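There are two complexes below, and they share chain A, which is joined by chain B in the first and by chain C in the second.
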Partner chain A sequence: MNFYRLVELVIPPVIAAVVGLILWAMIKHFTGYGDFVLPGPGSVATASWEHRKELLNSTWLTTLSAVCGLGISVTVGVSTSILFSQSRWIRRSLFPLAIFLQTVPIVAVAPIVVLWLDEGLVATMFISFLVSVFPIITNTTTGLLNVSNEHYDLFRLYRASRWQRLLRLQIPSALPGFVTGLKIAGGMAVLGSVVGEFFCAEVNNKGLGRQIFELKDHSMSLMYGCIFLATLLGVSMFALISMLSDRFLLYWDEKKISSL
Partner chain B sequence: MKKQKAIEFRQVFKSFGDERILDKFDLEIEKGEFVSIVGPSGCGKSTLLRLVAGLETVDSGYLAIEADSREKNEIAFVFQEPNLLPWLSAFENAALPFRITNQKLDRQKVERVLELVGLPGHTHQKYPRQLSGGMRMRVSLARSLALEPTILLLDEPFAALDDLLRTTLNLELVEIWQRENLSCLLVTHNLAEAILVSQRIIVLNGGNRSYGEVRIPFDYPRDKKMRSTPEFASLYAEVSALLEGVDP
Partner chain C sequence: MPSVIKRRLSGSFALLLLLSLFWTASGGCRNADRSDPGKIRLQLNWFPDAQHGGFYAALANGHYADEGLDVEILPGGPGANVEAKVDLGRVEFGIANAHRLLLKRNEGARVTALFAAFQNSPRCIMVHEESGIRSFEGLEGVTLAVGSDTAFYRFMQNKIELKDVKLVSYSGSNAAFLADPSYAQQAYSISEPILVKQKGAKPVTLMLSDLGFNPYTSCLFASEKWIEENPELVRRFVRATQKGWKDYLENPEKSNKKMETLNKEHDLQALNEGAAAASKLCQPTPESLIGSMTSDRWEELVEQLQSIGMLKKDFALGQSFTDRFLPEK
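Let's turn to the complex of A and B:
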């Protein structure tokens, strides 16, 4: 990546962030809200710095849960998509179940999951998986099925087996769709972990979600710090996936995947 | 001595729903012959190729292909679009038939066909998006030649290219046809292209209930200049007249 491309990538979000911080400080100043309702950027930064060890540990726990949840989503989501792409009957039978996963209110389901799997990393990982698997299934299935007729003809001409077609045509064709799903799922996985942590009161497992839940009553500044870190985590997941897709899917399409 | 047939259609009928595409269609193509099919859009030219390739089946009638060509992957198809896989390099695209058919990759053979279609070595590792339209079409042609076919089917392969490049590629195609001893069946809208490359032109009319045939008397090798001869113009007029359903 050359210098100008780097500048082009970094400068706009930095400007947006600075403008956002200025607006935040101005709102705080002109509304006159106390720190308990709306802490200023300065007090959030100070509180976060003072509790940096605690916050870093929480961020690590949330990251672990989100990454593991996302990993399970990728494994289950891709396997399900391959299964869906191979049989219309299976697709028609099981796709409603996948939609059910997407539409079920996660805040309502999370306490049940915690009840089943106990308070801890396994429960938050599972909730993270529940929330993030659907975008992977839909986007990957669409990619696997949207292979051009001309490419199918080429494989039919050489009498390719179903396995050959899947391996050499459908799976590579589906990669851009899978990455699109993964970008959405990355943010969703963080969201799922944070929601899951709301319901996990285990002392040794205080992720960002649990911190937000507990801090709302006594340190609004620190709670804002946790929200900021959770957001940063989601953005980092997105950026990392985009970077990897730019690196490895450079030749996949005329339009680069990063433009999606 | 009677020549061997590469392809034979006898009383072939093909329809899509209520639409009759081929009706009692007869055609024989000899081994090593270069035949072009011309006709208006929707007259069944591409369907004809797809039937030979095994991508469609005849409703009734008889279609015979040179012994075991389909089973031995000896039928190659060059599509209207290059249809290259964007994640594979030019070399890997040309080698794709080996991969699909689970044959051991013969790198020398792939290099040879890439050279044969005029792709210099430095382009072999480039990806489709790094190649020009003409180069992509050359890769597509190389891919079709990789398994050393005996029958080459071409569905308006150069239609999207400019006239100059199209003529160059057509003449190169003729060289490949002669060198590789292929039976070629080319579908095209372009009459000049058909006259330039083929030994025989089959003119399909609407519904193919009537069709005509014109033999091209020019010797090979052919060149661009022959397009400006009176004989060429006369043949062009003859094929055009057949195409319009008027007796020349």
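Let's turn to the complex of A and C:
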């Protein structure tokens, strides 16, 4: 990567961030709101720094829950998609259930999850999985089914088995869809963990969600810090997934290769 | 710098300028003229139940109307940020517990308590009778659900050693408590124990006030600025409120009938039992003045909150409360 490319990549977000901070400070200054309504950037930074150990621990717990939730989502989501791609009957009978997962209000389901799984990491992981699995299922399934007719005919002509067709045709062609799904799911997994912690957290070992839940009552500044960390976690997940997919997966994708 | 980029940048700055102008303008509109009070709004901190009985009594029995006040009571809930609404002038009066007012003042809210409905806090831990637990010292081997109001459990953890107690989130439902005899949860002695009893459970309550944590509860408050601008209105409101609570403690039925329609969780019987339990907390002795507060009690609360690290070390009581609007008897 040459220097100008780096500048092009780094400068715009930095400018946006600086402008954002200035705007925020200006709003705080001109409205004169107290910290309990709108803390300024300075007090958020100070409060977060003072409680850095606690916040790091919370971020770690939420990361753990989100990453594991996403891991389960990938495993379950991809298996389900392959199953869906093999039989129209299975797809038709079970796809509504997948859509149900997408549309069910998670705040209503969380208290039920606690009853089954008890409070703690397992419950928040499960909620993280619940909200992040659908984008993977729907995008991967679409990819597995969207095989060009010419390729399909070619495989039939050579009498390829169902297994060969899946392995050599459908899965490679589903990769871009899977990656798109994964990118959406990464953010959703963080969201699921944070919301899950509102309901299913262990209070003495709390993730960012439970922190936010408690801090709204007595420290808005620190709560803003937690929100920022949760957002940062989502962004990091997205960036990591993008990077890994560019590095390892998309060399399979012929469109990408042809564009090189 | 290439001219294209220059042009684009100057465009962004124009947009920025426009945005900042917009914000300044909207900030200016915030302090609209409020010389005619019109409707006086009272924002509750929770769904209407016995903790708010007296306010409904003052409304139902016409005490607010007698003072020439057109009052509307707005029910709250888990997300009600009452202190911010009052401080920002979206409502005139609010209800909050003493420690919350201090925590919000600590963060810059300029609000002042005017009337404390509960002299003694109904805050308690509710356990099952089957658990054999009868005191805080015996509180062990349970799952304890606590909500976002963390002051009391921090105080508790500071005061006693919790052995084998798993602290979990309380989401407002009693379902988990009813399902598990080794489950304990935060409660108000005037509410949840009565509700779970109706569903067949045998609850035992451990009062936080016995442990020394006893903030005034259901405090009426307003913003410092509004109080200063409308002292006469405040005096009338507090006077009517005190009459309302007096009525409620003597005869809660009428207000409870009203609250029953507003809060489906409690039926009339639960509200009546709640009111009976409330009367001892609101008026511990027949001589105690309903709504009164002392600076000793407030100072003690400040020290307690400082000891658990929730208030700044240099926090001063200042205008946290005033009893100058309270009628003597």
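FYI, the second predicted complex is superposed on the first by the 239 of 260 C-alpha atoms of A that agree within 3 Å, B and C clash if a C-alpha of one lies under 4 Å from a C-alpha of the other, contacts with A are read in each partner's own complex, and residues count from 1 in each chain.
In the analysis below, contacts are C-beta pairs under 8 Å (C-beta built on N, C-alpha and C of every residue); 3 or more make two chains touch, one makes a residue touch a chain.
Here the structure is a predicted model, which is why all the values come from computation and not from measurement.
In the superposed model, A:169 lies in contact with chain B only, and not with chain C. Of the two partner chains, neither chain B nor chain C is touched by A:20. In the superposed model, A:114 lies in contact with chain C only, and not with chain B. By the document's definition of touching, of the two partners only chain B reaches A:156; chain C does not. Contacts of A:199 after superposition: chain C is touched, whereas chain B is not reached.
Counting the residues of chain A that each partner touches, chain B and chain C differ, and the larger count belongs to C.
Residue overlap on chain A between its contacts with chain B in one complex and with chain C in the other: absent. Those residues of chain A lying in contact with chain C across their complex are 19, 23, 26-27, 30-32, 34-37, 39, 110-111, 114-115, 119, 197-204, 210, 213-214, 216-221.
Partner chain A is touched in their complex by these residues of chain C: 12, 16, 19-20, 23-24, 27, 30, 81, 83-84, 87-88, 100, 103-104, 106-110, 143, 146, 148-151, 153, 166-169, 171, 173, 175-176, 179, 310. Residue ranges of chain B in contact with chain A, taken from their complex: 50, 53-55, 73, 75-77, 79, 81, 83, 85-87, 96-97, 99-102, 127-130. Interface residues of chain A facing chain B in the complex, by the touch rule stated above, are 148, 150-151, 153-160, 164, 168-169, 172, 175, 249, 251-254.
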